[in-house]
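Okay, so chain A shows up in both of these, paired with chain B first and chain C after.
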Partner chain A sequence: MAAVTSLGETPIAPPARRPRGMQARRRRRLNAFRYVVFTVFGLFFILPLLAMARFSLEGATLGSWSLSGWRQIASYQNTGIPPLLSAIEITLELAVITCVVTLVLLVPTMIWIRLRVQWLARTVEFLCLLPLTIPAIVLVVGLGPIYNRIQHYSLSALMLFWVYVILALPYAYRALAAGLSAIDVTTLAEAARSLGASWFSVIVRVIAPNMWQAILNALLLTAALVLGEFTIAYLLLYTNLQEELYAISRNTPNASVVFSTSTAALLFAFALLLILSYVGRRRRGRG
Partner chain B sequence: MEGLSRHYGPVVALDRLDLTLQPGELVALLGPSGCGKTTTLRLLAGLEDADTGYISVGGKDITRLSAAKRDMGMVFQAYSLFPHMTVRQNVAFGLRLRRVSAAQRDKRAIEMLDLVGLATQADRYPHQISGGQQQRVALARALAIEPQVLLLDEPLSALDAKVRAQLRDQIRRIQLEVGITTLFVTHDQEEALAIADRVGVMREGRLEQLAPPTEVYSRPATAFVAEFVGLSNRLTGEVRGGEVTVRGCTLPLVERDVPDGQVVALVRPEAVTLASHTAPEPGPLVGTVIAVTFLGATSRVTVDLGDTTVLAQLSTSDASALPAGSRVTLTIRPDPVLVSASSEPAAAADEEA
Partner chain C sequence: MAVATTTKTGARPSRSGRRPSVPAWVGTVPFFAYVAVFLLLPTGIVVVDALKNPNGSWAFSNISELGNPLVRGYFIGSLKLCLLSSVSGAVFGAILAYAVASGNPDGVVRRLYISASGVLAQFGGVTLAFAFLVLIGPVGLLFHASWYYDFPWGIGLIYTYFQIPLMVLVFLPAIDGLKVQWREASENLGSSAWQYWRYVGGPLLAPAFLGATLLLFANALSAFATIQAWENQIAYIVPQQISTALSSEVGLSNVNVADLLALGMVILVAIVMTGYALLQRRAARWLR
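Showing the complex of A and B:
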């Protein structure tokens, strides 16, 4: 606005200084508030984790330090191959299968609904969010007969992916819906169609690459869910990583093992999600 | 297009439309919102299905063909470039789908970008270029596949006035250069009149008139066209013996077979001239200037006649002698005028005609 001051006029600077000063004070107060909130919540989350890590390093006498809790995780063995390695393998495979099935199921369906059958959107949203409202135990009771049949054929714990896909639906749906609403799907699809693209090309070459961040978010949430899942695997008598860590901690007299296994489970999931997120971001940067 | 109809529930978007485009011509469809012009374009592109009717291009029936197989290039109102592709990749997309070799499609993409003056921006992403440039790339992308018909769905409406005028002229230049048959949909009459070979004025799913721009403006087929294209003064008058008398002036009629009686005559502002008087005799054509709108070379003067207001379009030098408050006498040039029944509502014409 100062640029429009004509010759001979005195620019009126002082009144402008006051709001700027007030703004700066307000910004400083807001920043201070932000730091306080961040610190309080940071401590709230980090303190129990630090305590857990400390207890996992507890020696034979109170206050001493030892790695025995961690060593016992690696050396724990019932028969045959180390069960922990097998549980890690199963959990990773489960995470991959669940992610793939969830995305293959949801991405084309959601794009198709947005483009062609909008009237179905509400129903599909309701169905996808439904698992959020069903407690794990109810789900297990409901799926019990099916899994009894599956176990009858001695199929591996990988069969858990069916129930994990159901559990992941609400999170993946929300992440993908946010991505879809951020782009003008209809115009992009119509532009691609007018250029000669088939519906498959529209979804794979035009829409999906533009919601890569949403797909990555859905992937992260689904993977996080599978890596941290314990209740359903335990109740359906399958062994995944969480269940195995629980078994290790339960079958050892050393109390610190309980904490080392919990910390290990947390670090494992955290490291994997970090890798996934990093890989996704690098890909996005290139794209 | 023959007998093309489209209904959305009880709403008739298109009502048995017949439209033929000559090879290489640019036809603009003009009309108020909801008149069916965009529906016509979407039916032609295959983005929607017609309830009844028949569409053929070059003698080939394409009515039941999917959008992907119609060979139509389309530029949309909204920015439609694929955000994850560079400008070059966007233009080459249609060719890639047609399995054209990488070298050839790259060559063609650069040729098309050169045509729209954006060859230097080939490696940029859509978010790195302006809205006007994005629409030019969209035009290059549509032309790259060498379509049989180019469809433009209000491609300039999201742009600011200056860019809009530049791009409008550029579209016309490119259309003439490529010689492609083009259907251009717009609600902006200035745009339609400026670049089209023929203008089709639509209303409630029907084509009211399809004619060259000068004819649509100077010899409108219906009262709706007269009111929608350009500005018109609605002045009550009386028809008698094939002529209409408006405030004491006798004017010829466009349509001779109008029955005698009370009507509303549609008089163009440029047919009204004003003369200044310090103390004129009171009369039906004497009034007071209440506003002068500067439009550049011309100005629009609003005159209050007591029972109605009349717009007159004068050269700015003439209008400058008539400031608000001046007493003036109106003269109506005896051009043939259209009349409508006094109960018929006015068309929703844009003020910026």
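Showing the complex of A and C:
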């Protein structure tokens, strides 16, 4: 019982207390169970990360310590594959472009649908969540002909952003939908319109600033997704960070630079997502 | 200008008469155009090409190639891996979710585990395979697991690393939805903890649990990066074979292999996700 009472879901008066001894025993047992579970799962989740961090600090011989793996990030180059730094640059640029395009595509559309074309809301939601159910690998197969066409105009790996926007849609959509439902869009829009604002300023200067936390959430999720993407880049023969790491590890297994870059990329992604969970919590706390 | 629009409400189309009014749905055209070109068109291409011969004529008999023993092998491999990782991920994830839910709802532990789950559920791919390689691979720091390269056990363990956090995220709301009164009512009627879970809690959570398991299944089904970085010499599962088929046109000679396999995956995912949606609806009946 102690297990569930602490959830605090119900507003009704607390039930009559059970005999003290029994509750204490159950609480002790439950706590023991929780600590064991937290320890075991905590180890399971933290050990692979620690192992990777340790390997990134490996010197020339097994068991030695050295920072060379981290120093090599800026200069590493292997025969037959592009330099590591260029792959990092491309990936960061891709993350920025994908974020911008996703927001420009989604924010005005979602606000507009909310205000003027409610009857399209279900369709848009369905389309936005669809990429969750179509595996990226399936998308790649169908994208082959389309990317053949794109490659007529540009061979740059930056062209990956076209499909990354699609991959980001579900996450960005859910973040933005949560933000939109938390504010009274119609009233804001009516107020702005009656003061003479154009639809453009209603969307850009009135509603969007009111949901900046949701927009930030969408941005962070999109960026994290782009940083970790491998499948599509690999199969369309582009080089992004993950593909580069994969290629290096094929050429030189156990190169410490692979692990230092992986660790750095992970820390970066973790930082992004932790900012996100902090921002999300603050919003819920206030609302 | 301000005067002209003050009488209009924001939610209505403003018919100020200055210009012919454009239907409101025109504003959504860029979005639909983008999605059509980069989501619907590729999916359509997969379906159409799967039903055509490489020379371009229709061949609905291609579908029967999904029963080809070679093709079936990859699907069986996918099913094995997905079953292993989704069932173990669901069971362990549910245990962890229960441990998290039974703590202080505003406590540090709960916040930490939820944030970490959100992060780790996204953390698949190449780097995850690297992390396990150096932990229990041939030069593993912890120990060298002789089964590290065994299919599906080695890769299954790696998959649970992102399946468990996903389960926590999906299943926690269901556990939180168990009402205190149900527990109290059954205790007042003299039930033991086992009886409570067997006759009240278990049946209430079952649809949510099964639904979450299906979601994990679909999640494992579409994963490719992790297994490719784990072992790229042998194709065990459908996505790997799609990758092989895309880079080298060998295999079933008269069929667009990659498209056919992709179509098979779409069908499988559609079945799984339909089941998920149905179970979610069932679960929502009690757990509000």
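To be clear about the criterion, the second predicted complex is superposed on the first by the 182 of 287 C-alpha atoms of A that agree within 3 Å, B and C clash if a C-alpha of one lies under 4 Å from a C-alpha of the other, contacts with A are read in each partner's own complex, and residues count from 1 in each chain.
By definition in this document, contacts are C-beta pairs under 8 Å (C-beta built on N, C-alpha and C of every residue); 3 or more make two chains touch, one makes a residue touch a chain.
Keep in mind that this is a model prediction, so the values were computed, not measured.
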Partner chain in contact with A:141 - chain B first, chain C second, else both or neither: second
First (chain B), second (chain C), both or neither touched by A:196: both
First, second, both or neither for A:183, with chain B first and chain C second: first
Touched partner set for A:127, first chain B, second chain C, both or neither: second
If touched residues of chain A are counted for chain B and for chain C, the larger one: C
Touching partner for A:39 - first (chain B), second (chain C), both, neither: neither
Which superposed partner A:209 touches (first chain B, second chain C, both, neither): first
Chain B versus chain C as contact partner of A:166, first or second or both or neither: second
Chain B/chain C common contact set on chain A: 190-196
Touching residues on chain A, where the partner in the complex is chain C: 1, 3-10, 12, 15, 30, 33-34, 37-38, 41, 44-45, 47-49, 51-52, 54-55, 62, 105-106, 108-109, 112-113, 115-117, 120, 124, 127, 130-131, 133-146, 162-163, 165-166, 169, 186, 189-196, 202, 224-225, 228-231, 234-235, 242, 245-246, 249-250, 254, 258-259, 262, 265-266, 269-270, 273-274, 276-278, 281
Residue ranges of chain B touching chain A (in the complex, touch as defined): 45-47, 66-74, 76, 78-84, 93-94, 97-98, 138, 141-142, 145, 151
Of all residues in chain C, those that touch chain A in their complex: 1-2, 5-6, 8-11, 13-14, 24-25, 27-28, 30-32, 34-35, 37-39, 41-46, 49, 92, 95-96, 99, 101-105, 109, 111, 113-116, 118-120, 122-128, 130-132, 134-135, 139-142, 161, 164-165, 176-181, 183-184, 187, 218, 221-222, 224-225, 228-229, 232, 239, 242-243, 246-247, 258-259, 262, 265-266, 269-270, 273
Partner chain B, residues of chain A touching it in the complex: 183-184, 187-188, 190-198, 201, 206, 209-210, 212, 287
